[in-house]
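Labels A, B, C and D are assigned to the chains in the order they are written; within every chain, residues are numbered from 1.
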Amino acid sequence: MAKTRVGIINVTGYAGVELARLLYQHPQVELRSVTGRSAAGQKLGTVFPHLAGLDLTIEAELGEVDLAFSAMPHKDSAGEVIPLLNRGIKVVDISADFRLKDAAEYPAWYGFAHPAPELLKQAAFGLPELHKPEIASAQLVANPGCYPTGAILALAPVVKAGLIEPDIIIDSKSGISGAGRTLSLTTHYSEANEDVTAYALEGHRHLPEISQELKLLCPEQSLSVTFVPHLVPMTRGILTTAYGRLSSGKVAPGEKGKKELMDLYRDFYRDAPFVRVVDFSPHTKHTWGNNNCFIYPTLDPKGEKLIAISAIDNLVKGAAGQAIQNMNLMLGLPETAGLEAVAVYP
Amino acid sequence: MAKTRVGIINVTGYAGVELARLLYQHPQVELRSVTGRSAAGQKLGTVFPHLAGLDLTIEAELGEVDLAFSAMPHKDSAGEVIPLLNRGIKVVDISADFRLKDAAEYPAWYGFAHPAPELLKQAAFGLPELHKPEIASAQLVANPGCYPTGAILALAPVVKAGLIEPDIIIDSKSGISGAGRTLSLTTHYSEANEDVTAYALEGHRHLPEISQELKLLCPEQSLSVTFVPHLVPMTRGILTTAYGRLSSGKVAPGEKGKKELMDLYRDFYRDAPFVRVVDFSPHTKHTWGNNNCFIYPTLDPKGEKLIAISAIDNLVKGAAGQAIQNMNLMLGLPETAGLEAVAVYP
Amino acid sequence: MAKTRVGIINVTGYAGVELARLLYQHPQVELRSVTGRSAAGQKLGTVFPHLAGLDLTIEAELGEVDLAFSAMPHKDSAGEVIPLLNRGIKVVDISADFRLKDAAEYPAWYGFAHPAPELLKQAAFGLPELHKPEIASAQLVANPGCYPTGAILALAPVVKAGLIEPDIIIDSKSGISGAGRTLSLTTHYSEANEDVTAYALEGHRHLPEISQELKLLCPEQSLSVTFVPHLVPMTRGILTTAYGRLSSGKVAPGEKGKKELMDLYRDFYRDAPFVRVVDFSPHTKHTWGNNNCFIYPTLDPKGEKLIAISAIDNLVKGAAGQAIQNMNLMLGLPETAGLEAVAVYP
Amino acid sequence: MAKTRVGIINVTGYAGVELARLLYQHPQVELRSVTGRSAAGQKLGTVFPHLAGLDLTIEAELGEVDLAFSAMPHKDSAGEVIPLLNRGIKVVDISADFRLKDAAEYPAWYGFAHPAPELLKQAAFGLPELHKPEIASAQLVANPGCYPTGAILALAPVVKAGLIEPDIIIDSKSGISGAGRTLSLTTHYSEANEDVTAYALEGHRHLPEISQELKLLCPEQSLSVTFVPHLVPMTRGILTTAYGRLSSGKVAPGEKGKKELMDLYRDFYRDAPFVRVVDFSPHTKHTWGNNNCFIYPTLDPKGEKLIAISAIDNLVKGAAGQAIQNMNLMLGLPETAGLEAVAVYP
């Protein structure tokens, strides 16, 4: 059977190059074309020696493909994606350009007026654990941000079940690769090493995504979500610790309550092949290089508050891996195709 | 003038060895005696080459001193400290053995009955920013834990002012040296590197200290404190992000409220030479090797919740530096004596 | 076709657990049995959460298999391997117990008399780039050490061609996982982080392996090999920088000589699917998690000395990956089966 | 007594900011003026929060001082330094602009014709362990590069004693801060973390310095020095491993020879307060933040070759600390003034 032809727009960022790594191992698709602004004309293996096994040249324009991934920065991505959609090509957009349903959010959070607001309704939000049917039938899938992936998965079961009070705190710790391959003082080795810091306290762009998806799960509740991202000195991984007061009387105290939570989460994710609901505090290390999301839901010692912890690899489940999971659903392939590799430990 | 003679019990852990480093630079005291269980008889500079400049031999028993630091583990420390107190020697205890005022907390959190409950009342809680007069007149000072130092300092001004609701979330990120020099799989390089994880979700021993001190600041309020520590792959530093809903109407929204908070914190810490209230998100890197605590109090984007972030070096302000700050107060020396060195950056 | 049944003795060290990861992805073998001393009875996925997808229980004794990997420490490994050989099972031994051809080396370097010297001749030295035919027909393959793999591959072409003088310097830099999962102060996070050190200056156990193999390549020359290993603060990877004076007049000076060297290396490794002879200084990062060895042979600026640099992942090409490469040859499978995955970057 | 007024040209690089940290602690000089191109007009503590204790504003032009440190990049530094010299101000130049005695080396290695070749003879090479008298009487001191400092100190005693053959290999491993604060892909966190690589194989600019100084120690010998620098994932520290064959019959074999070497080194450095000749393999960690250089001279296991290992902090003994050591000598202060602080461990 002919393999589906796929391409990557902007292969030279970390999400793009991770897509290339994972697609190379995918048995049912063929990576046919990759583009990159500054590196056009060079062999992929020259720019990224670990990809020397892929015989591809970075192009200025995408070649003929059946499905494209856009790893362009926001705003620029829409400009690349819209023409492809018009030509009938399926697209997974890794940027934020089609994630928010309300076009008014774009000027507020991203500083540009959305060029095609009508597409926002058509685009599926690419978190397969919540939107599998829409993704399967979509032409355009908006891949979630790395922080939203970990945060929404950690909270979805209790929010949907209406078990927590509206005040939610999401404290995330990310590896440095989440800041991309573009140079900055923040990601300069000697500045980032041996350091932890919080950032974006005036509001991170991933907050509206998180709020949008949690509200969809529980439209009747008006949530107040506080989200603070932190940079920690490692390359990959996001650990999210989410906190919320349990609604009075809805969860039993002590071990019984912990078990109720565990059952709720396991049931919620029973059809989610990449979510592992565990009964221990997860390590980002256990997701290094693969598409799993570990989730540990528990109660604080007094039994009054939920603590839900998730661990992902920000470049895999938080970006390229999830994009391929979405592609699998869009193409009718097994959801896990090409994504079975075990995390690299230690 | 004769220098005060000081000694360190158990110099071979990270807090002990850091005490030796800092005391060596102190102009008004002389480090006369250091003890260590397994290394007794060896030169200090043999075990710790960076301390070769100190001509000291590790002893089995403490020599004659005017003031002793105990860097023993909890439970064992009390056994060392009590005889010294009986001989009239001043003591700064870095362990937890005299931090909690309520003796009943010891069996609950530390698994032993306290051997001298009467001393718990006499001991000063060694956080100079809150207890300077008691420390100055105490024979025994209980040096706070590393997490409580960062957490209490981040929250004290708003708690004392009664500005926040009882539900408080404290999310702390610590470097690995906080787990000490004793070997464990958790602190094995290949396990800790490239990893973030939360731990002690069933309740960390530093929680009762935090609760005790916050309650003292606002006895009329019944707080519900949730504290989750995390390990991040770096040697030194603790970043604490504390969250709480502001009591309705007590702080203005927006920039005005942020300024009110900043003024409140700056006023609260106006006599605290090591606390720097700043208007940016602090980096643990800026405290590397010194006794400063950076604090950034702010509002979340909606203006409903406090976010207060503190950064310390866990081995300095979180342990040895604070112990010397306490010693300075006990001996009537300038609070900053021996602690003026600038952080090592980058 | 029935898959070959394989097993791992001592799965709980880093080489063992890496074998499990890689074998899980191998299309033609089935991992049937894993053993581990302390963890016997536990599910593999309980001890190593990233392996939860493998439904295996750690056993005290190896079950029925066609080929076994021993990841036991030296000396103990021989005791496990010999009975398996007697039962006709093929074995890849990751320990040093069958690497040295001269039994007298064992007391000298490893402190024990070899229990079965006759097997030393039968065992193939498992560096496929040098010994492919012997490996293919062997019942017992002695997998090389991590340092010897990088060092021998860097030097083999010039040594075999007789191009360098006898004085050879091998300076290797290894990630910390090479020291294994057993706890030690050397591998304690706070000791190993932000540090570089040389070790084993009195002679490292990998030296006789390196000398043995280089001598085999050029029996007429009496080499004087100096090997100094270093620990650098990262989890995986070995970079080896090898130096030697070129024999007078055998290589042209300048760019011409560099090209001659490049041609020599490329020709030498033309049938080696995992060796990539490159014209730039390689990064260990480009081998993270996969079986490649990058080699860059060049001349020093004066054109008098060879500098040959190799980069490998110490747990893959330096241990588990190479063991599977050997297994593939022993079983008549394609040499690259199960080892095609691209390195994980960044 | 009035303190000597000193200034720093280009305080905003890592060498400059480290000078500020160390000078702040110096009892006999006062840091009066700091300049910086892009940051002129800002408070020093705004750009570098750890220096908030220094009440200094970054200026465009240096204020009135008695001695200036130039931390400008090479070529630009000479342009700043020459006018200061003409005004009679003493200068320690941290750049390479006055290190090489032969003006012809500048076009070859640095790509520019030297603007004041006559100054090259007047400038003292600022390695106090070799040139103390010249430094003490110089108006201009050329502070050595970080690699040359570690390399020359490791080799000087044996080279001067004529004990080794001309072929010398110097393999250095440096932390990333050595590459400075200017952004580059090489120093981007996700590229540098978990990676080791060699660089500058076509010839590093520090090689002529090393060759010049070693030749001065032994003018009759024609050395062939090969120098390969490596980047390792840590912020600070350089470990240098130097190799050379011992001249036949000049050093005894075995332990006796090791002791002869040790005695030679200890005698050579008997008046060098910052050099610690030790009988164990040193760790860069033991120099973190201070001006020490640990040196371990030993023999390889066969007793034929010297292995000499040195460890320094590249920003202290390799740059700012050594500059202050030079300043102390130039001003007639104790050589160790302001540099007594113990390394920060762990």
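One rule holds for everything that comes next: a residue touches a chain if its C-beta (ideal position, glycine included) is under 8 Å from a C-beta of that chain, and two chains touch if they have at least 3 such contacts.
Remember, it's a predicted structure, so these values are computed and weren't measured experimentally.
Asks: I need the common contact partners of chain C and chain D, sorted by label.
Replies: Correct list: A, B.
Asks: A-C or B-C: which has the larger count of contacting C-beta pairs?
Replies: Counting C-beta pairs in contact for A-C and B-C gives the edge to A-C.
Asks: Find the chain most remote from chain D, comparing centres computed as mean CA coordinates.
Replies: Using the mean of the C-alpha atoms as each chain's centre, the farthest one from chain D is A.
Asks: What is the distance, in whole Å, between the centres of chain A and chain C, each centre taken as the mean of its C-alpha atoms?
Replies: 37
Asks: So how far apart, in whole Å, are chain B and chain C when each is placed at the average of its C-alpha atoms?
Replies: Spacing between the chain centres: roughly 46 Å.
Asks: Where in chain C do residues touch at least two different other chains?
Replies: Those would be 14, 175, 177, 181, 190, 193-194, 233-236, 282-283, 285, 288, 346.
Asks: Would you mind writing out the residues of chain D in touch with chain C in their complex?
Replies: Touch residues, chain D against chain C: 167, 169, 171, 173, 175, 190-191, 193-199, 201-203, 207, 224, 226, 228, 230, 232-237, 239, 241, 243, 245, 281-285, 288, 296, 298, 300-302, 304-305, 307, 309, 311, 346.
Asks: Give the list of chain B residues in touch with chain D in this complex.
Replies: Spelled out, the residues of chain B in touch with chain D are 14, 17, 21, 24-25, 48-54, 177, 181, 194, 235-236, 276, 278, 280, 282-283, 285-290, 292, 294, 340-346.
Asks: Please give the residue numbers of chain A that touch chain D in the complex, ascending.
Replies: Residues of chain A touching chain D: 14, 175-177, 181, 183-185, 187-190, 192-194, 233-235.
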